[in-house]
């Protein structure tokens, strides 16, 4: 449960006023269709806040997280953002887990001069409005979709020497669609051919019919941008159907549950690009993994946990550099100037579109373990 | 070959729908309540089975029985606490209560264990048979057989046994049933027990077959099962079976044609078309009110 | 007049599955008549009404009302042609007030459009006012005006039956079909009902066809009677003819009723 | 006569409400949070009242209202964002297209009853959603970004029109015809009511206003996505209507207000939010299965106070 | 056999029965007459356990049955033919009859009794496989009676059995009532057709707006001017 960790944050609420606490909103999908993503981020946030507060806070001020549930709904996300900015008067909002619910708040953040930091909204639209202008107050912790797609395509065409690939994307997520598009572009540019393009919709459980179609197109490789919940099932069902070619995906795959869902054996010969790897011996990462599983009774962190965690540190770093914990304008400038900040999910430098330039890691599954394959810089 | 494979895919998918729809249709048949919480009982069944297998190391069949028993009790409790009071209320009030209950169960489960999915352990070995290039998994054969057996069993219970007759009497006129000496409360409890046990069983089978379970897993299959039940003629037990299979095959064919994104839409279009020509479902008797 | 009957039923019938509920029925009803339709239970009387009012589409024969064919018309169209009815098992609009029950029936006689109602144009107010006045008139006839704001379901049974008749009248029929209007009434109440039927018939210049098992009522007010048995007409004639018709006695009346006890 | 007076009273109260809120917004006393909550309440009331016409008045068990909301939202967004037309026109067109969708959905209602109709309407709503999901012109799954144009004035005008139209419709021979369909379709038919016509009208009118609500919705939340219009959204609207009391317009209004407030208030308790919300729902239904207002209207309650004596004396 | 004392029954806050007392002796036919809405059906429903009384006692044989659930009262031998027939409309005629014998275990006897019902009501035999919802009103009434007989009751409560029946059928029904009574079943009969009711009954009670106002032997009531005027259509 997540009832326990509230005490710490609420304690500081009593000490009142804006003076000695830093109010940060968390506008997350805590219920509704993608509740598991929002909850994953919340866990990461809670851990980070606990660590920071226990070590004295930021400039002596404790962080107070005001968590709001947006029910995985854009309208609710808007409401929640308005509440956080107008009522709670937070300095920054972390959220939301999905791009759509992040976009829903972008305008409000700009209008109210409040930072919006989306932990996992990977669509380019989050930080850049439809008019092509950068949303002044909006940032993100994750890299954007096209980057990962490119990395995956280069890996397939180069390292694996694939000529014919199939793409099987989650059509309910712009994340997956974005990845699919950039994969296709890069892959074809590298001389490959996409022989089959299929889609599924999040929450599907039976993929056999489409897999049968893909199988008859005879690809040498299948790119599956999507989230682990479905990907696990897809890989399992595909292997059962005798599809033995390599699969590849992106950070959405990253969860310890993927191994359980697909089965260790089925996962052999599959690859993913990721923000980080829990197996990575890197010190920051291992420290995070240890304290996370300590706090959450042995659970191993996934990408959402890590991004939630990083979002807090990302923000705190900017606050420290801005020398001010409440002036959002100064903080956003500091955020925009972030350079070589070492986080769990990579070393971050923010570009002109408010997107972090981070390296991506390519991992391979071997007997249920992620094995580090290569690191790709942008 | 590909098409035979697809047909088999469709039948396996459909038999899962059918399995859930059986309990749905049974409860509906007796008390005319769209028990939206049925999907949640299904979810509870899946989790009970999961904890039984992964936590206590029970085998598949003991876990299945345990899940069915827990769900039977759970279903009876739901009826006792929430629906009994509403016997004389409008059906729509009962429907809203069912929706509320289904949300409540989902979020209580999330409160206690979070929303993240869980992977079902391999409790039931799965072999894939290769017949002339067509793959059939032993699990899907099992599920299909289980749903057929359960359908026959249910049909027998409802139409041939005393409790079944009592159920049908209660479904038509509760007061008149009382006057026949039928204990209406017991009968309805029995209905919920059986229907919920079926949902529990479906949950465990679903878990084993699809591996992934999570607190919101009941929503979509619940809805699909409801559609299947309506398609076949809600309240009619063989209808649930046929409705489930039709739905499964239609969805598969649509995906097989490359329109997987339109799969659900196609399922609903078929549903609406069938209803337009057979307003009470495939097997439903269009019993018009006698004037 | 005389020549053309108001209602002409020719060889009409309907089949449910294998069961011929009504077959080969011929009826001819003239303006202003008050006709009884009797017969054993399950003879097909209510089914006849359903055929006449478009609830069922006849599988054979034809029905003409005022020279126009009714076959295939929807019930509401039949009503608008001038036939309205009551039901064997009362079908009021339970949650609506007594007054509104009658207003609904007056609906098709009013003319104000949806637009006028939404915009509250003068035609809406005048139309609604007319409906209200007319409806109250009908209620007064049936002595129901004091219950006008009561929900129909709260009326005692006898009043509900009367309200059904009032409602049927408000639809502006020329032919009124009453299905067992006296069912569940005691003799005293039945007697009052007979007087009422006679009264409205005169006042609204109605033709009435009624189904009833209460022989006091049927023999007391009907001018002619049709007798159905097993879906077929077995007799027709004046009450006197019917009372002594052997087939009717055998199938329906039984011996003693002939020497009436009332 | 009495009704006419009631109308003027209603009008005056409405104007007072509008002006007061607008002044408070202008004065900055109501910040964006409050005004946004008011707008959200307004949208939900429009949805509730429009569905009330279909279910509460006409008795057609429709559980796919979010489909019409979606049509209104997307169509109006296309008009403002892609075709650069003025917002009021976009709202209106959204309503009209939604009404057309309502006409289409109304057609099965001619043949289907009760639960069969319910599942068919739900199916239609899902089909509509999936159509938008698959149209790249409106952004597919990613959705469509929409400028924020909705404000208190637009919301209030739409809300006012919705309530007045539906109230006036209901309190006329046409509304009574709809109610008679709900109460007893066979009898209504036998009384000369074209039941088919009124069912379709109810669907079309209900959908029209749901479409209007969609226009406001789309331009209030910066982004619309197909996921916003799933069947759970339809259930939310259904809950307003049933919780308020089937057949009671003021009940629908009151419960839309209450539930929106409850939901907003519960944002602060994310862990237990849905638990509390669903508990409230279940408990209210268990203890007041007829809904908060039953079939009564607010005005009846005031009326009852006055006439309580005469009724008692009468019986 | 049955003794009702000071019974008060409410529908919500409608006081439907106000201190009703009456008794029925073993082997009798007792009839209840009264205008529409007097509370006759309410009384029967209370006796058979469909309604729970607020106050008062119901003594049946040597047990109090007030407020007991219906199925126990049926078990004790009281069978109720409700107003409006209430047959199980989506079940066949035969299934309805079988349900009448729900609490009985003697399946051979049950089959025999079904045949007996068919001899009494030949029309039901003709329609035995028809869904009872499509029967005509009279046919349904026969079915409801037949169904109640199937329970082999000691006390049979009949609510307006002649309603909607053809004259010949009314006669038949009353003959059957007397027949059943001769077979040893005590009968409490509610009727609008007071004339017929009084002619078969031993004793009668008149109920007006929830109260017993008159009681006596059937002959006494038949002779009373007042009763004649109010309930027998005495003109």
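As written, the chain order gives the labels A, B, C, D and E, with residue 1 at the start of each chain.
Convention: a contact is a pair of C-beta atoms (placed from the backbone, for glycine too) under 8 Å apart; a residue touches a chain by one contact, two chains touch by 3 or more.
Listed by chain with UniProt protein names: B = ABC transporter permease; C = Leucine/isoleucine/valine transporter ATP-binding subunit; D = ABC transporter; E = Branched-chain amino acid ABC transporter ATP-binding protein.
As the structure is a prediction and not an experimental result, all values here were calculated from the model.
Asker: Which chains sit in contact with both members of the pair subunit A and subunit D?
Answerer: Output, common partners of subunit A and subunit D: B.
Asker: Name the chain whose C-alpha centroid is most distant from the C-alpha centroid of subunit D.
Answerer: Most distant chain from subunit D: E.
Asker: Considering C-E alongside B-D, which chain pair is linked by more C-beta pairs in contact?
Answerer: Here the pair linked by more C-beta pairs in contact is B-D.
Asker: So what's the Cα centroid distance for subunit A and subunit B, whole Å?
Answerer: About 35 Å separates the centre of subunit A from that of subunit B.
Asker: If you average the CA atoms of subunit B and of subunit E, how many Å lie between those two points?
Answerer: Taking the average C-alpha coordinate of subunit B and of subunit E, the gap between them is 42 Å.
Asker: Quick check: how many Å separate the C-alpha centres of subunit C and subunit D?
Answerer: Chain centres of subunit C and subunit D, defined by C-alpha means, are spaced 40 Å apart.
Asker: Find the geometric centre of each of subunit B and subunit C from their Cα atoms only, then give the gap between the two centres in Å, rounded to an integer.
Answerer: Chain centres of subunit B and subunit C, defined by C-alpha means, are spaced 47 Å apart.
Asker: Which residues belonging to subunit D are in contact with no fewer than two other chains?
Answerer: In subunit D, the residues touching two or more other chains are 133-134, 186, 271, 273-274.
Asker: Among the residues of subunit B, which are close enough to touch at least two other chains?
Answerer: Correct list: 107, 110-111, 261, 264, 291.
Asker: Residues of subunit E that contact two or more other chains, please.
Answerer: 134
Asker: Spell out the part of subunit A that touches subunit D in their complex, as residue ranges.
Answerer: Those in contact with subunit D are residues 2-3, 6, 28, 30-33, 66-69, 71-80, 82-83, 85-87, 99-100, 103-108, 111-112, 123, 125, 129-130, 171-174, 177, 201.
Asker: Which residues, counting only subunit D, touch subunit A once they are in their complex?
Answerer: 31-34, 36-37, 40, 133-134, 139-143, 145, 148, 217, 220-225, 227-228, 230, 232, 264, 266-268, 270-271, 273-274
Asker: If we count contacts the way the header does, which residues on subunit C are in touch with subunit E in the complex?
Answerer: Subunit C residues touching subunit E: 16, 38-43, 46, 88-89, 156-158, 180, 183-191, 213, 215-216, 251-254, 256-257, 261-262.
Asker: In their shared complex, at which residues does subunit A touch subunit B?
Answerer: 1-2, 31, 33, 35-36, 38-40, 171, 198-201, 203, 205-206, 208-210, 212-213, 216, 229, 232-233, 236, 240-242, 257, 259-263
Asker: Show me the residue ranges of subunit B that touch subunit E in the complex, using the header's touch definition.
Answerer: 162, 165-166, 168-169, 171-173, 175-184, 287, 290
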